[in-house]
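All chains are identified by letter, namely A, B, C and D, in their written order; residue positions are counted from 1 within each chain.
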């Protein structure tokens, strides 16, 4: 969902969304070369999110099967991406209905937040794999400083994750831009998020992330997750986020 | 809660928090000049958040009484700030208990997320007041581009807010750093947040934000809120967030 | 919302709801005296909830103003009742749309749960007032047995309530029909509820229940709430629930 | 968790819980035959919930593997039961700490609600299996009356369930004792519940209920669930609930 793929994607699905969206307040005029003006949803509701490919070889992870990774990426991640595109079209249509009760609109907005969180967190999740699990670089030093030791940070990250076992949610290591500090945040589902937090390392604790391989043995999944991490990705996120 | 006030505050409350925190994994050694080493909680659990003063004259807003603003700032905001400091001390102590069940720890982590959201959102909220309500600058242009028109943006922001009337939550205009786009997000309570979203304009829809002045007439409160906005603050946040 | 008032109300609003509901799977045929068959929503979506009047004199409570009680009853309770009736109509209409994505339907179902909880809890809440606050009868004996002493029960009920101060939610004393035991349950908002629990005493901790009279002084509101309770109502609920 | 097994269980684990609970307000005196009085937690915090055995042969279901059912029953259900017993002991201990901040107590109360919901819903879930999936009896007639047709009821029940696919939650057919009506309720997690609703048919949509057999194909799981239902159980629950 980088800027280029997003722009490309918007071309391909704009018509479908325009069909769902009635003309109205949330629809921006688009220049045309003649005849009646075409309308398309405003960018906030354009729904043009495109699938981001896996950046690693899913047959090569240790302790996470290709079947699990592919199911997670194809069904859960892409399912959320399709839902987000659909919801954005519904929002545009709903804004053209002047009489829609706000509480009904709120149901759509909740799903927008839910799917926005799911899409972005899943893209960050898959991007982290393909490494040897060895933490290094400035992020390692920063975690020693923020949590007392790397082991203390890891113990808290794992305990936060295990608090979610058997249900849903994410453990999120984030750089909080506002307090300029590092924290592990607990998220019960895709709608939770640390305000002003930039996610650096995200651990999916929804059961779809591990049940196929590990059943209910969530701690073993967390081991496998940590083992396959590419900390260079986490370090790059940290350096980018903390610089500003 | 800027860096300087935070450092000052940490001096004044560190002893109290250290007393609550048993020595252990989450406690960093602090250099001392002799005798047995002192310990203090690691920065992630230091709890030294300090009160940020109001930056405007609360007797001068239109349609929002001094009594309401002072109650909101003194009780709700500062109550959350004290709770966050307390919870961070509890987290440090809890991490030194090796046998604490993760689900019990999760209860504390939820409250950390809850109070972190409350403190930061409230500081951003109060910082916005003192203006004439006229949107201008690059943020206005950006909202026209993202939502079709400024009126279309405002209609969606207000409807998102009204979906929360009678309960709790926030309407949050955010710059999403990851998708590089502007959205109004719905938040049911302080734990909800748009992942990778930088809040630009935050509208508190908890009943404590308006009930004293408006009873259940939430729409009139939203009018007053919009009327007193200093859009230069919102514009500065947008320019800072979108530059990176 | 007893059976009789409900039946009366259904007559008066059925047309409005029928207009919103497209004919389809969720619509039951109603016998007519001739011509084309009329349809009306099935009872599950009929929306005919009617306002239950206050059973006490709102000018006579101690420490809870008539203005607060009337605002609470007219705006918050009746607002939820209207929303529930509206949502049930929307559900009927949505079930006739075969292509509606389930996640969109889920937004309506969440609101149905939300408003069902709000309507029923508010009716139970107002029904409790008008007494002298003295607990007596079999419920008092049962609380002594379940919690060690009446004071121990009350301390836990109050602490559960105060955990919600500054936000939303309910403290609910319930008879759990399944475990056949008494518990104080914590509810974060109208969607939370103890499964198989019959609510006996419900304490509204939404800020609309007290802010107008007490600002953020939630503990004083809880004092006033307890002071005006008619425990005969609570006792009757307990005897009815525990008998079965 | 019937009355008899509960009483038996209380004998076996009381000591463990008593050790966790400091003497105090939430602890009831227990008669002893001599020496200093023994204390044990009050019944509300006694934690003596005992495992309810499966009432059907898990090797005999169609489309739900023995491995899945056993994992669900042993790990998810029993894990919640152990957590509930643990949390009740923690609540007793916490009530003896006069200085515990209510928001910290609230974290434990949330988990009590969460695990109470999980334990009861899981017991109701497993109790439903072992039939041929054919709805009959008074519950079938009642669903025809409430939803227009059995097919209309089933379509709404399935759509409510599918709204939760990919995450967590329950679809709950309940008899609402207060409104005396039948509804399918949406529950996002174990903490949601229809107030005054008696659950008649509960469909677990947590991914642990199906991922091992069906991956993300939630609709196929719902098919299998419906296929194995013993509607006599549902009918008995309905007759019992609606009689009172």
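Criterion: a contact is a pair of C-beta atoms (placed from the backbone, for glycine too) under 8 Å apart; a residue touches a chain by one contact, two chains touch by 3 or more.
Keep in mind that this is a model prediction, so the values were computed, not measured.
Taking the definition of touch as given, a chain qualifies here only if it contacts subunit B and subunit C alike; those chains are A, D.
By residue number, over half of the touching pairs seen at A-D are also found at B-C, the match among B-D, A-C or B-C.
Distance between chain centres (mean CA atoms), subunit B to subunit D: 36 Å. Inter-chain centre distance (subunit C to subunit D, centres taken as mean C-alpha positions): 22 Å. Taken residue by residue, subunit A touches two or more other chains at 103, 106, 110, 188, whereas all remaining positions touch fewer. By the touch criterion given at the top, residues 1, 3, 6, 25-29, 42-44, 49, 91, 95, 100, 102-103, 105-106, 109-110, 112-113, 116-117, 120-121, 123, 145-149, 151-153, 155-156, 159-160, 162-165, 176-188, 190-199, 244 of subunit B touch subunit A in their complex. For subunit D in complex with subunit B, the touching residues are 83, 86-87, 90, 101, 103-104, 106-108, 110-111. Considering their complex, residues 71, 75-76, 79-80, 166-168, 188-190, 206-208, 211-212, 215-216 of subunit D touch subunit A.
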